[in-house]
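Quick one: structure below, then a few questions.
Per-chain residue numbering starts at 1, and chain names A, B, C and D are given in the order in which the chains are listed.
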Amino acid sequence: MNSNNNEVLIRVENLVMHFPIYRGVIRRQVAAVHAVDGVSFDIRAGETLGLVGESGCGKSTTGRTILQLYKPTSGHVYYRDQDLTQLKPEAMRLMRREMQMIFQDPYASLNPRMTLRDIVGEPLMAFDEASGKEIDRRVADLLQLVKLDPDFAGRYPHEFSGGQRQRIGVARALALNPSFIVCDEPISALDVSIQAQVVNLLEDLQKEFNLTYLFIAHDLSMVRHISDRVAVMYLGVIVEIANSDVLYIEPLHPYTKALLSAIPVADPVFSETHQRTVLQGDVPSPVNPPSGCRFRTRCPIADETCALKQPEFREIKPDHFVACDKI
Amino acid sequence: MGTYIVRRLLLVPLLIFGVTIIIFGMLQFLGPIERSALYVRDFPKNDKQIQGLIKKYGLDRPIYEQYWRWLTGVKDPISGEREGGVLFGDFGYSRTASQPVINIIKNRFPNTLDLALWAVFPMLSVGIWLGVQAAVHQNGWIDQLARIFSIVGTSFPTFVFGLLVLIVFYANLQWFPPGKMSDWVSVLLYSGDFKQYTHLLSIDALLNGRIDVFLDAMRHMFLPILTLSYINWATFVRVTRSSMLETLRMDYVTTARAKGLKESVVINKHARPNAMISITTLAGMSVVGLLGGVVITETVFNYPGIGKAAADAAQQLDVVTILGFAVFNGLILILANLVVDIMYGIIDPRVRLA
Amino acid sequence: MTSTAIPTGDNTLLKESKSDRKISRVERFLGPENYRIVVGLLKTPASIAGFILIGTFVLIAIFAPAIIPPVGNDPYRIPRDGFSGEPRPMGSEWKRNVPEVPGWYKLVTGKDEWVHLLGTAQGQYDIFYGLVWGTRTAFRTGLIVVISTFLIGIIIGSISGFYGGLVDNIIMRIVDIFMTLPFILMALIMAAVLTPMIGKTLIPSIIALVSFGWMGYARIIRGDILSVKERDFVLAARVVGVRDYRILFRHILPNAIFPTLVLASLAIGDVVLSFAALSFLGIGTQVGYADWGQVLSFARNWITSLQTYWYIVVWPGLTLVFFVMGWNLVGDAMRDVLDPRMRGKS
Amino acid sequence: MAELLLDVQGLETRFKTPEGIVHAVNGVSFTLSEGETLGVVGESGCGKSVTMLSCLRLIASPPGEIVAGKALFLGQDLLKMAPEEIRKVRGAKISMVFQDPMTSLNPVMSIGQQMAEPLLLHMGMNKEQARKRSIELLELVGIPNAADRLKDYPHQYSGGMRQRVMIAMGLSCIPQILIADEPTTALDVTIQAQIVELVKRLREELGMAIIWITHDLGVVANIAHRVAVMYGGYIIEEAPVKELYANPTHPYTLGLLGSLPKINASERTRLYSIEGMPPVLYQKPQACPFAPRCTFVQERCWKENPALVNITPTHRVACWADTTSGSERL
């Protein structure tokens, strides 16, 4: 976590990802899910950028689109000045050495018909980095790295628990020595006592290999713990980015404030004394997002002007960006 | 729902096109001379006449033209009347029965419909009831019984089952004879005292107030109905059982129990309607299948329906005739499938209100 | 946590944990998925009964020449004992075209002369011979049809599932059209159309059953491919840079093909049944060919006097039923094992 | 002293699975008084849901089986009641709200039909009365245009709205106990806060006792008066909420609280993590089920399973070790 280094590793510019909806008699495209609707941010080398938001806000889609797992509708993703959106499939495949991903569901993300050796060794094979005995040796090293017994290499994923499977996923992601890892809600499917194990492991590995993380989560307290900076998403747009301590102590956007206030704090005295601001209503549909500011339908400080135009994403203080015209 | 129905309706021409293409494709295995049987009653012996026929009906024309003519028929240049055209009900001329195929269908189809109508009720009710019971008492004796019943049922070919019940109930007990009606009934039918409203014998008997005729009809239909139902029960029990088991594990069933509802209410009002959604398709397909699948049953029981006619024609390799049946069956099935799809939409609110 | 779900925590690997489930060497060798299927099949009494039935038929097929040696050049022609139309009862004397007497026959019956063990059918065809040699016909047709339909279905279904979009749409509509038509009627027609060209052999029926039998496999494999394609491990493979063909053959197909493969292997019973139905309806082989449906079809002419000639129905009928039941018993157990919703339930 | 509503003693439930018999609940005892909210906390598979489902005999049997214990509701044993009697309790006196509002409502019945069921059954209302009451209830839980929305089906409601409907349904017969089984787990944080506030408000208005099952120590701190922590089918610690958070005593509770990131702490510390995995009990454990993961483990823990004993009149713990200086040792 050395964010002093200011080199930008990933630059996302105006990223838009719309998923078409086909309806009607001839399955015409009638609308689109505006999953990601013009998102821009930087991730600096060696830092952890947290990306939080409620389900359906587009945070996972953002992560996957950065890795070009979806072809973005428009916008650019630069990795060290290389525009990933312009790469041919094979060139992008070669880029995957540099950027990896850890998945949310430790059960669905491991092929049940492959052994640990095959799962963790597959990236090595894909890039012809190793073969035969060499793979066995490298897999053993990787398993040790994530604190799994190397003797388990011949076993199948079903013999492992959720937390252990998540470690296997981490080992797979590390196999190619990447510099950037998208962690797509890596702990939300795990039990409380296991979450801390995985988070600690991720932190240790970051230090050891100088990794850069995009840490996607809906658990705000964990995001604060692991991130250097945090971006808050709402309905496909980023509403606030700031240094994580600044964001938690001094949130500016009304949505961020409400989100922070909604976190259940494990302290009965605190909950007794603090009045929570509870947002009314549900998140609107991303198919037909509100005009102007996306948040205005639930915003406590919104007025008519908010419906007119989308608020500008401004740098209010150094390194603190907010998309709200009322501040 | 509107869109759903329109989509299904738009599928109908596509299905008609597909089905007719398949059947027309089979027709292409025949030579042009044999295909001329679609339009004429007798093959002319004279070679020149044959060539004339081929020319007249365009049987040497490009294939798409032939297909179109086959669908819509050709105008006779002299009389100006349309000849052929399966879409207009002209399915060709049956060499073996010496009459137009459509006439055979007109005579035989009511009999098949009569049989199918009576078979639907026991098939659906008993099959589904047994499946639900098996699921509710999972691993109980009724479940084990249903499973054995289902495996034995699927293992019995229609014709074996049919012949075996014939041995028992006809050959040995003399209870239920094969055929369609006793001699005295056929005499009655020709006498003119018996009005044929629907041409379905059992229904007409009731409409004429002739219980004796009705009983005679049922006596002849009993074994075919039993055979048709039995063969389908097996599938129904299995599918209903697994669908019901799945539903019983759903959270809303627990919610219903937690409300304090009686177990019978939980099962009949909450679980079963949901299980039924997945059974609707199967039920529809089986009803539809009844119309097409009576071939063997009618043959075994010597029941003069459209299925037996098809089997007889096939046995004598009268291809034009069976292809005529196939087109007719295809059109009926497309219609029936449409009804099933729409019913499915009505049953499931997630489709209805989409 | 649903009310009925069994609380399954984590199978820990901690050495000191008491709850670690033992993983046998066989399981590790087969892999968890295959192991589960094998164990599921071997634990069910019904499927064991099924395997025994199937095994018996396999033995009969292999040892057919030892059970009843062929007469003449073509072993699949049932020897005729005369030309009289009326069937003769079980145990009647065998006068013409008598096969060699095999060792087991002498041992069991103590006689040196063949009799018609199960009687003769119309035309004095020996029913026992027809059933024994018909077993070979059954396996032959079953295997050919199943393998062909499976291959066609897999190829079409895979194309549909992999490419998706318009290709998928067109293929699935074609499948819909084929599914609209009643199977046995269409097979009957197809066989009837082909017979004048090919002749009265097994081939027209085989082509007919294949032409209208592939859709089920295409649908299943397409559905499984579509669902596997969406699973995270496929995405994960892409993320680590696995090449497309490997994703297809290592990740998608192995996880998608197994249910179809197993169901196909168990469909032999159904195929033989349909084949027999066609024979019964008078489409198919030459009269006198050793084929169960053919033997049974003689009964059609004796419906009014079945109290006397019951054996022309019962023996071929039961043979067919036991054969199909063997496959169904295994198939039923297999369905339970494969159906993920049934997992964990007895 | 408020009246004792529910008194569960020595409850044991197990499941037959292909891998063996899973001992899900292994002798759980707890009480619930009028107007009280009891939080039950634990990880997945610890037996917290099964315990509550067992009390109402909603365990699917087979594979589940209640082996031993009593569940006295106002002195009457729920586990021994005739089926008709317990049906009169379910939904009327004790009602339940489940985790996933998506799957807990019947997809082919309208909300109105489902709302009316308990009213018709337990309150002796006719259809019109039930309809009126359903509208009132939906308004009570904050569903706009309640009268129009009765004819809608569950798929036309959002997740948060569905959970409100579930709560309205649970409260329709003014039960004495509401059992909420992870009612906010499937919901987003802002919706979760709405539901928690809603239940707190309704608790004031209707005065029922609540059992709130969750794995989220934050939610429990917010809503419960008293908390029971479960592990491996046992209650391992139980105390009033402030006492538990101020003075956690069982090593597992200590570890759980330690593994949470502190949202209001300014400096970042490494999280405490409990090593190992929660167990699946194929045998009823002779040892303490937490022993394999415990930092305080002693010789005795491997031989005897500690009983739940009072360390203060309101604080019960099942542990052999002295963990009073625990916070420093973690």
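Quick note on the criterion: a contact is a pair of C-beta atoms (placed from the backbone, for glycine too) under 8 Å apart; a residue touches a chain by one contact, two chains touch by 3 or more.
Worth saying up front: this structure is predicted, and the values here are computed from it rather than measured.
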State the smallest step count from chain A to chain C, taking one step as a move to a touching chain.
1
Ranking chain pairs by contacts, what comes out on top?
B-C
Greatest Cα-centroid separation from chain D: which chain?
B
Per-chain Cα mean versus the mean over all protein Cα atoms: which chain has them closest together?
C
Euclidean distance of C-alpha centroids - chain A vs chain B, Å
56
Could you state the distance in Å from the CA-based centre of chain B to that of chain C?
25
I'd like the Å distance between the centres of chain A and chain D, where a centre is the mean of that chain's Cα atoms.
32
Multi-partner residues of chain C (each touching 2 or more other chains)
2-4, 9-13, 345-346
In chain A, the residues touching two or more other chains are 161, 163-164, 191, 194
At least two partner chains per residue is the criterion; list those residues in chain B.
139, 249-251, 254
So in the complex, which bits of chain D are touching chain B?
53, 56, 58, 60, 62, 83, 87-92, 95-96, 98, 100, 103-110, 117-118, 121-122, 153, 155-156, 166, 169
In the complex formed with chain A, which residues of chain C make contact?
9-13, 23, 28, 31-33, 231-233, 235-243, 246, 250-251, 254-255
Show me the residue ranges of chain B that touch chain D in the complex, using the header's touch definition.
138-139, 249-252, 254-263, 269-270, 273-274, 277, 347-350, 353
Would you pull the chain A residues touching chain C in the complex into a rising list?
64, 67, 69, 93-94, 96-97, 100-101, 103-105, 108-114, 122-123, 126-127, 148-149, 152, 154-156, 158-164, 169, 172-173, 175-176, 191, 194
Quick one: which bits of chain C touch chain B in the complex? Just the residue numbers, please.
2-4, 46, 173-174, 176-178, 180-182, 184-186, 188-197, 269, 273, 276-277, 280-283, 296, 299-300, 303-307, 310, 313-314, 317, 320-322, 324-325, 328-329, 332, 339, 341-342, 345-346
